[in-house]
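As structure tokens, the structure follows; a few thoughts come after it.
So that you can tell them apart, the chains are marked A, B, C and D in the order they are listed, and the count of residues begins at 1 in each.
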Amino acid sequence: MQLEQYIKAELEKPEKDILLMTHIVLGYPSLEVNREVIQQMVDNGVELIEMQIPFSEPMADGPTIVQANQEALETGISVADCMAFGKEMCATHDISFLFMTYYNIIYKYGVENFFRKSKDYGITGFIIPDLPPEEGQEFLGLAKKYEISPILIYAPTSTDERMQTLDSYADGFMYCIARKGVTGQQTDFDTEFDHYIGRCRAATNLPLAVGFGISSREDITYLTGKADIGVIGTATINLVNNEGATAVGPFIKGLRG
Amino acid sequence: MQLEQYIKAELEKPEKDILLMTHIVLGYPSLEVNREVIQQMVDNGVELIEMQIPFSEPMADGPTIVQANQEALETGISVADCMAFGKEMCATHDISFLFMTYYNIIYKYGVENFFRKSKDYGITGFIIPDLPPEEGQEFLGLAKKYEISPILIYAPTSTDERMQTLDSYADGFMYCIARKGVTGQQTDFDTEFDHYIGRCRAATNLPLAVGFGISSREDITYLTGKADIGVIGTATINLVNNEGATAVGPFIKGLRG
Amino acid sequence: MATPGYYGKWGGAFIPEVLFETFKELNIAFAAAKADPSFWQEYLDLMSTYSCRPTPLTYAENISKHLGGAQIYIKREDLNHTGAHKANNVMGQGLLVKRMGKKRVIAETGAGQHGVATATMAAKFGFDCTIYMGEEDVMRQRPNVFWMEKLGATVIPVTSGTKTLKDAINEAFRDWVTDMEDTHYVMGTVCGPHPFPEMVAWFQSIVGTEAVEQISKFAGKLPKRVYACVGGGSNAIGIFQGFLDTPEVELVGVEAGGLGLDSGQHAARLSSKDSSPGVAQGYHTMFLQNDDGQMNDTYSVSAGLDYVGVSPILTDLWEQGKVRFEAATDSEVMAALDMTMKMEGIIPALESSHAFAQAYKEAGELSPDDAIIINMSGRGDKDIFTVAHAYDDPSWKEFIIKKGAEYAA
Amino acid sequence: MATPGYYGKWGGAFIPEVLFETFKELNIAFAAAKADPSFWQEYLDLMSTYSCRPTPLTYAENISKHLGGAQIYIKREDLNHTGAHKANNVMGQGLLVKRMGKKRVIAETGAGQHGVATATMAAKFGFDCTIYMGEEDVMRQRPNVFWMEKLGATVIPVTSGTKTLKDAINEAFRDWVTDMEDTHYVMGTVCGPHPFPEMVAWFQSIVGTEAVEQISKFAGKLPKRVYACVGGGSNAIGIFQGFLDTPEVELVGVEAGGLGLDSGQHAARLSSKDSSPGVAQGYHTMFLQNDDGQMNDTYSVSAGLDYVGVSPILTDLWEQGKVRFEAATDSEVMAALDMTMKMEGIIPALESSHAFAQAYKEAGELSPDDAIIINMSGRGDKDIFTVAHAYDDPSWKEFIIKKGAEYAA
């Protein structure tokens, strides 16, 4: 509930037609660079950041993020390091931070322990792409208990019925993946997409975040009015890889209005 | 009959306890060298020479003779060349010449034609190791007709019964192979051999030639009194290979008495 | 089973939301097929005309006598078309794909056997086919890659992660989430999200059904023990299903002991202390993972057993004490392979050789009145590069050097 | 047959005298076995438990439709243990050797299939085993050499003559004349001196017996034509025997056309004008030889068909007009192999692919109401070095270069 309220409050600010959520792979290339990149993001108005705790089997991710996960793990980063870093970010910046990871990380950590700590730090939501609600009953119960939003996912393949089912479990916002596939490939916005996002809107009262392949001012402009949050994932990873952390600020600034 | 008479006549000469038959692969290394080697053999008292017409599949021969066959064929020698050479040798030297070859050579040449020509030249016998009498009825008939001796083979594996059967078809002499196997390996003369040669002697009235692995004066001495002819095959081929044609004379001379 | 797709607390379907409908459709199609006796009949017909089913049960007389214990019988899955039990699963899924009207199949492969089997099935059924294979396995099993390509499949080497089976599975899922309408993912073993474990176990049950009948006929009784190697677990669950209701038959799953259970260089999930419960690749089982839940880099001489997870069905049977798990080391496996070749004229795959190794270790404990079955999951020809390498065979090396020089020229 | 061992004027036993008793003994043992129904039953039992008999008859639906002619059925000898019809002959001779009480077997091999089969049989029966193989074939079929050695056989590369099958046969005879008491020569095809043609044909008749029954069941009638490749002729005579009494079934033997019948680079005895009657390797048949009776250097992409002679039984059937002989060229064979892999998921041996090639050429002439059978004598995995080479496959080459460099280092 807190997350949804935060989003709605932000959206009410006159200059904000759409919010931005960015994505970070913790430990890639290092926590220092993560820290710098997040600073740039926050300074340039990003409202939400999903921090991915790397996993050795990132099944739903595309090549860029897969490699980022792998290289982060090769640096020796641990889940504990990631938690501590999340705590630090929540304490440092006055925006909304979410953890994104695969279920095994939480499962091995101890699901309730993971919720308890995250709550303590000020984390607002979890995005777990391999945990459908059918498998996540314990998780969803703890999400309620600890008031951390379980972010569920709408896909173009989701039926209206399925969307309604998901809505009954979701909280915070709905993560609408813009197309089939994994992260990191360009999305074509077309009437089919419009139809899909219309279905999403009809199925839930939660704010809609749109992710997968969002990388430019044009994309954000297109989404404005249709969605509530644009999610920038692979685009900033590529940017940091190619131009360094300092390129992130201007990029983010340029995305909106 | 002619061949047997020749052999018996030679054996009656006072200095001859045992005769020598040598072996030549025609065209190996060349007919010129064959000519020279035969001259040396004749000059040094050899009584019989078996001239092998090379065949691409010398199934019953050992490595040395196999290679000699192959290299002879590689020089391009033909069956006609071999026949002409045989004719020349018969005309030149006053000893007994036989053709040794595999059946296919004769078969392709035309069996009767082969007999007719060989008879004309003065060839006294044929040794065809892959033609048992059961398969050689036509051949044996022609041998009678053309009075060329079909030399048949006794082996240590031949039963007494088989020896008698062979005797009923054979003529000239009986070729007793000294041991199992192919040409070219040393034979150990022992009581088992003595027993075998005794069986041979009992089975036929024809003179006995012993071949396979005969290579030294000791061998010939051992055979003297047991057999009528010692057959020198691979030994002279090796000698020519290693020391040249001129070594053959002294070698042959040294074999007897 | 409380919840469908669960075996005790193991299993489940931890799938990305984008595949929800695909799985729903698959579950419905599979349930319909399972309920339709004509489907199973079609499957049996296909397997007896396109493959060589029933596969024989061979009495290993020489080795039985040599070891002086139980009478050893070998279930000959190597005589299947494409050379392994993988064909059973793949041809079954092929019939299901046809029923669903899909036109493209994808698959992961470790040893390459499942890839070859899938490429074969795709050729037979006229499907497009893409095979994902860890780059390291591409190196280990190049001949299989060659044949997959010649069978018309596209083979994509997977360079992420440890570049082995688990990464190929991830990559296949990435394909599937991109292209699911027309595509079926032919999971190669009895793992992954529901309904795969159930489906693969069902198709592989043909092995156990035949084996029970055959051993009863030949030995006149049930076997004392049944041995099967365990990668994902499909050949094991296949034969074990014939004996689950007869507790007097001890079932033994043999995992890859690699360089030894203490070396950390192995792929023993249920027979070592190095695994713990986890959720990955769409299902809940015992994984070889570190304390953070990151999967370990496993090791085995045999690509097909070199996997971090294991069938949830087997994990449940293990937990219930219905299947005993053991590990055979690389060197035990090579010795068993050698003995099987020299004494019986049979060349088991390196994977299968694990089952042989364990059976040979134990046969002497049993009486000559007892029978045991070894499930020979596949044939070893495919492993020539690995086996020749392991033997350090000089003339093979010389041959390869010569061929290499010829091609390099 | 007038004289035993003769088929028309073909056949015979042109053997060195030293083997007379050995052949006598063999003839007696073989005649006794043939007259003893329990021997054939023992053979059937062995083949159905150690190998996978009956082998299936597979309907090639896709290619049948594609060619739009006859319905094509494939007799799957590739699914035999060791991967080819050679197993039928070898296991049968193994039983005979056991009966004769001999302890050692020798064999020639061309493609290596017969060598692997013999080494396998020797391992199974506990015989010593020596295999003679032309040096050129050793090069072409290295993987088979590796497996023969691992099965416990000694492989002797033959460097005489053309270094191929015929020279291996000569060498095997040289061994046999040296050591016959304890040794049996397992002739690999339906050639050589009597009783080998009769014996091999008898063991291989299992193929035809099964095929008649299967085609009657599946197609509901006899086939219009039956195609088999012909090296020595054993797989061909094996399947043809099922149809010799039904003249409405046309039998087609397919020889190696190599680079074309006009090129001189082939191994077509009965389908070319390049052969003539001769006597070699112990029997009378049509040989590829020159006017002097020296055997020619034959050529084929497939080692197993690269032979100068041909079964006297087939020569007789050819002379009587009971079997039609054709030749398929290397390039036709590669195309047929490619099509069979891609459209049916089946990998025939290069030898067998000759039969496929000819059948594909002719299938369109027939009506969809007709059935034809192709005898798939073996599987193509063994040919990977030859096939990959023929495809000029770049990633295979790269792999070999890399492996070679690794070993050379």
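Keep in mind that, in the parts below, contacts are C-beta pairs under 8 Å (C-beta built on N, C-alpha and C of every residue); 3 or more make two chains touch, one makes a residue touch a chain.
Everything quoted here is computed from the prediction, not taken from an experiment.
Asks: So what's the Cα centroid distance for chain B and chain C, whole Å?
Replies: Here chain B and chain C have centroids separated by 65 Å.
Asks: Per the centroid of Cα atoms for each chain, what is the distance between chain C and chain D, given in Å?
Replies: 33
Asks: Provide the C-alpha centroid distance between chain A and chain C, rounded to the nearest whole angstrom.
Replies: For chain A versus chain C, the centre distance works out to 38 Å.
Asks: What kind of graph do the touching chains make: line, ring, star, complete, other?
Replies: Chain contacts: open path, no cycle.
Asks: What pairs of chains are touching here?
Replies: According to the stated criterion, the contacting chain pairs are A-C, B-D, C-D.
Asks: Which part of chain D faces chain B closely enough to touch in the complex?
Replies: On the chain D side, the touching residues are 12-22, 160-161, 166, 170, 173-174, 177-180, 276-282, 287, 289, 291-295.
Asks: Over in the complex, which chain A residues touch chain C? Could you list them?
Replies: Contacts found on chain A: 55-63, 66-67, 70, 73, 78-79, 102-105, 107-109, 129-132, 134-135, 152-159, 162, 166, 177, 180-182.
Asks: Which residues of chain C touch chain D in their complex?
Replies: So the residues of chain C touching chain D come out as 48-52, 55-59, 62, 76, 79, 81, 83, 119-124, 126, 139, 142-143, 145-147, 149-152, 218, 338, 341-347, 381-382, 384-385, 387-388, 391, 393, 395-397, 399-405, 407-408.
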